[in-house]
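Letters are used for the chains, namely A, B, C and D, taken in the order the chains are written, and counting of residues starts over at 1 for each.
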Amino acid sequence: MQTPPRRRLRELGISVGHYLPGRFNAITDVPGVLVGHSTIIEGDGPLRVGQGPVRTGVTAILPNRDVFEERVVGSGFILHGAGEVSGLTQIMEWGLIETPILLTTTLSVGICVDAVIDWMLEAQPGIGHTHEVVIPVVGECDDSWLNDAAGRHLTAKHVYEALANARSGLVTMGSVGGGTGMVCCDLKGGIGSSSRRLPIDEGGFTLGVLVMSNFGHLADLRIGGAPVGVLLDSDPAFRVDRRIDNYGSIIAVVATNAPLLSHQLHRLCKRVALGIGRAGSWAAHGSGEIVLGFSTANKIPRESRRMTYKMKILLDQRMNALYKAAVEATEEAILDSMCMAVPMTGHSGHHAPALPIEQLPELLVRARAMTSV
Amino acid sequence: MQTPPRRRLRELGISVGHYLPGRFNAITDVPGVLVGHSTIIEGDGPLRVGQGPVRTGVTAILPNRDVFEERVVGSGFILHGAGEVSGLTQIMEWGLIETPILLTTTLSVGICVDAVIDWMLEAQPGIGHTHEVVIPVVGECDDSWLNDAAGRHLTAKHVYEALANARSGLVTMGSVGGGTGMVCCDLKGGIGSSSRRLPIDEGGFTLGVLVMSNFGHLADLRIGGAPVGVLLDSDPAFRVDRRIDNYGSIIAVVATNAPLLSHQLHRLCKRVALGIGRAGSWAAHGSGEIVLGFSTANKIPRESRRMTYKMKILLDQRMNALYKAAVEATEEAILDSMCMAVPMTGHSGHHAPALPIEQLPELLVRARAMTSV
Amino acid sequence: MQTPPRRRLRELGISVGHYLPGRFNAITDVPGVLVGHSTIIEGDGPLRVGQGPVRTGVTAILPNRDVFEERVVGSGFILHGAGEVSGLTQIMEWGLIETPILLTTTLSVGICVDAVIDWMLEAQPGIGHTHEVVIPVVGECDDSWLNDAAGRHLTAKHVYEALANARSGLVTMGSVGGGTGMVCCDLKGGIGSSSRRLPIDEGGFTLGVLVMSNFGHLADLRIGGAPVGVLLDSDPAFRVDRRIDNYGSIIAVVATNAPLLSHQLHRLCKRVALGIGRAGSWAAHGSGEIVLGFSTANKIPRESRRMTYKMKILLDQRMNALYKAAVEATEEAILDSMCMAVPMTGHSGHHAPALPIEQLPELLVRARAMTSV
Amino acid sequence: MQTPPRRRLRELGISVGHYLPGRFNAITDVPGVLVGHSTIIEGDGPLRVGQGPVRTGVTAILPNRDVFEERVVGSGFILHGAGEVSGLTQIMEWGLIETPILLTTTLSVGICVDAVIDWMLEAQPGIGHTHEVVIPVVGECDDSWLNDAAGRHLTAKHVYEALANARSGLVTMGSVGGGTGMVCCDLKGGIGSSSRRLPIDEGGFTLGVLVMSNFGHLADLRIGGAPVGVLLDSDPAFRVDRRIDNYGSIIAVVATNAPLLSHQLHRLCKRVALGIGRAGSWAAHGSGEIVLGFSTANKIPRESRRMTYKMKILLDQRMNALYKAAVEATEEAILDSMCMAVPMTGHSGHHAPALPIEQLPELLVRARAMTSV
């Protein structure tokens, strides 16, 4: 059976929220931001640790081409911390990001950290002697339900590939990169992205969100507030045996060209968490729901003989539109991670069906008609 | 025109979420928890600071009758900190609550703090000499759109009244107590409460939420995920001139008899924030959205000759049901604060219409049918 | 017996740290910063709650004359949170201070909060209707060992007096204002202040610290690292019967004209905590050790039609000198709070002796010669 | 010239603080705690990245032999976050530690994370499929002034070696394990450890601290409060050319058998930070000063059919002795890291002299006699 092509939520005639998306409806609508993937899909059958089957990968997000020299303001927020984003401590302390952001599978964080250092040393051979050291930023979710996670098939080669692939424009979504083996609300999840362009009188800024979605049970899923997951959950075709307590996680990255300080970005990241909640998450005990944010508007000088520098800063009172945009774009990014993901069978016959996008408009009508929600 | 009586959401045939509420569908379903109000509604006409009109009050929540001696485990979470809960620093440090929790209007926090000390000194005359001092817990939202807030009409008498009124059982909701002058999503808000009883195999615990709702614009309001606010916003009858940037706030209190540690309660409070988001909040810049939580299951000894004590603690892995219940009960508590609130005209002709509950079932159908959400 | 006049640490020939103090060696060396006190010393004999004896007061620190309009960047850090600084939540969220900072006794925080609102309403009658509301910043320590704290003798009159007294230049220290009844390391403590002027090549900035000291046991006291407290503790003349577990607290305020962001000030406040530790504190369980900080270099616009503003910001790499200065100035401010405090007998014969400054140089020699420290 | 053997601070007749150390005066005095090292010292001469010279290693701390099954209560505190402890997010969220704690050089964190996963998979082959995944805890300081850090000479073999070497009893200190290439106050630093045994009437608990010291300039060093560093700094023999802005870091681990909750451990970790301050740190901008803590008294069940468990918990009021012990033991652990470290020449002629322990008693006398401190 040939799988019909996946389509984005808006292509299905469904939109979320008030503001309009940018050109690509992706984090790359924020000027300068680059996204690249490396995807590994190999083997079938039962799990043999170290041999496969492999359903994993890595996704790279770069605030700009040379983030080591052109450091951007950054921050984060931990909705639930049963997860890891390496380098988060330094991001929160210094309020800046100076390495690419990678998203991958939990047990491969160490390998990715090491590979990013290799990659950065090529461009900046002074790191670790004439320059200070760097601490790469690598976030993770656990793809072990489909992937031979313990086998750690991701290598430096894949990290380099994701970084080399990083570009502006269209972002490939769904079962790609770090999202290859991810499962969201018992359906195939993975990478999703969405953006919002604020009207000129609200600043005209662009905000984009990229998520690696891996949280939730089927019944949790909400689309534009409608309990589509409850509906699907009662459909035998979507009955899954995947009933584990410590499931889940989502890493979300929000970028904007609004000139925000680190503590403003921290707040923006909290609104991304509200967007994750809108899509149905209640942040389970085993779930690492972690948000990173950066603003491309100001560059923070690495070395300088000066004492001070100047920054243009958005007035706090003007943040409301960004807050609303962050909620919307996050919700849509999560939904697009499922809309664009192809179904996938991993090891041991574990299968993650795709969100049935062809029926989605009709499902939405039915879900909205449900009296108890 | 006589206002028809207000009814709770479930009386309108609308329910939110998966779990069943407790007997009173209120925070008082958690055994031992008491709630009392004192309401001040006086005068009409233009604002004359110090004279009125007055639309304010105070609500008291007691974890038990003698919380100074029977200290409970407590914690909190700040979704957005443009607000105040006195005593929050100590709650977060010690992980316990040893005074009543009061909810009132911003400029009356000082008076309430002082009055609670008076009230506690009556029962515990040693406070401040043989005993250590206490730091009362008073949360606030700003009711100055309807109320002569700067006039600070609340006195110790009202604080005593709310405390004396505190009882278990039915909780009066809507435009009462601290919620008297509050406005939520441009409609009359105030006090709302809801509870959930977990099934026995999920622990059989009860969780209750009480909110003082004062956040949001009309278009933000969502009921069970349906954009009812967008619909009302296009109705001229609900066109409000209240367009202020720094509006809003919500204080939410979550109680449970599940045996939780302070850091487990902190997490539970984060899920209350997700529930606030489900009801439509995106936590505006001027909004103080602060959550408090306590567990009645363990008492923390005040004085003891011993070195250690024993506590029964819920396994972390068993918290998921509480997380879901907290999201649901919060959403419903907010909606009930509006369902139960009578419309109110405050100073200067400022008017907060009530949520049109008679049309709500039909509005919900129409809202659910909206294609863009 | 006439008490000889108190003198500051440097007048005794003892200095702490590397950098030089400013002209007044006080927080008022930071241009624009004002300090004022109101002191209440009334009655003698046993404690009769409500009648006295009274040993209390309030100290006001103003970042500038009109801080409501000229809001400054602010932050804080909680070393141990068994205490209260009202308004701290908003300071941490917005990263700014827009009211005076008051320091007083624990049970009078409510009265002070209320009085500050009165005082601000006089200058800004629109607060609470045309303007948004304000949340005053009032920090506390517990002076109930000397003072009839439960009697709450502080009134709005005293708050107004402290605010009216606020001026630049010399700061009265010791048993004055909020420090009137405070006890530090079992000796008379209270208000202390110190400052540092950085050399031009380290930015030329001024940093000042003001403390209300109320922490510690005698044996904890260290002067310039020397265990003077251990020495005094073995002297029968200083044998105190004051052995209570939940003693203590210190509120410290650090000000600078260096152009710092809120999250830089947060870090600076952490270094103030290290300075508190240098003076001997280990932050006891019952101690509220809370630090506030502000920078006078940038004003944050309250209302604006613009979208953005510009700020001059100190490069992170240039903060080290400020960190060192904060540690030093804090240590010296604490010591000056004791050097300048006159001995005091409070209720019930409770007596706090003064640090014996006449013998201090010789004590220091002896303390330094102690082999075990 | 033969270097005389290094000796611990107490062997020099110098002690710090009030409480007595345990048998080994090390973190291993806490029953069950194990420490092991792997040290790499290879090559000499100029730096050739990838070839050496190598001055690095890794240190392993295990709360018990099978920490994956016998999870302990844990927490942490970030004094300054310009550093990394992988897994810290999960420790703070769940309040527990379930992997060994490794200390190493910054650029080798990724390799260590990966190696720990290998090591844990050998004992627990189900990790990543039948079990959930794990997130190893690896802390770092930057040893690149002596070591070819960018060459990343540490491999899984060394991680296995440190873990295999882990034992109770004597802890090798100084230039070993993760501390091999570390420099503290411009002198040779590295691994140090100290412990305290509380008297029976204060609970009788044992508390131990282990540090990897790498912070500070020479003038910062204080021994028992005396400014020994200022004295050495004026000695031409210790004149160092190492003047870098972004130097430093320290990772400290505090362990105790007192039955502490996670939020009590968080507070204990703050007191470790005060101890770091006592030794001279002011937590420079480039310094990662991060504290981890765990209690061995309770085991947190991994899997259970039950809903709740019971824990014995230390009364909050009884924590003061632990606070004092943590300050003392931290200060002494840092000093012992220097007392025990042999001098070391790394790449490019970079040389870290040893603290001159033979002269230390006399230096201390002179430092104590300094009038300005």
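Methods note: a contact is a pair of C-beta atoms (placed from the backbone, for glycine too) under 8 Å apart; a residue touches a chain by one contact, two chains touch by 3 or more.
Only a predicted model underlies this, so the values are computations on that prediction, with no experimental measurement involved.
Distance from the centre of chain C peaks at A, each centre being the average of the chain's Cα atoms. For the interfaces A-D and A-C, the C-beta contact count is higher for A-D. Centroids of chain A and chain C (each the mean of its C-alpha atoms) stand 45 Å apart.
Rounded to whole angstrom units, the spacing between the C-alpha centres of chain C and chain D is 33. Averaged Cα coordinates give chain A a centre that lies 35 Å from the centre of chain D.
Shown for chain A are the residues that touch two or more other chains, namely 80, 93-94, 246, 267, 286, 316-317.
Across the complex, chain A is touched by residues 93-95, 203, 259, 261-263, 267, 300-301, 303-304, 306-318 of chain C.
Per the touch definition, chain B reaches chain A in the complex via residues 13-18, 79-80, 219, 222, 224-227, 245-246, 267, 270-271, 273-275, 277-278, 281-286, 316-317, 319-320, 323-324, 326-327, 365, 368-369, 371-373. Contact residues of chain B toward chain C in the complex are 47, 49, 78, 80-90, 92-94, 106-107, 109-115, 117, 121, 125, 127-129, 132-133, 135-136, 142, 144, 149-150, 152, 246, 286, 288, 290, 347.
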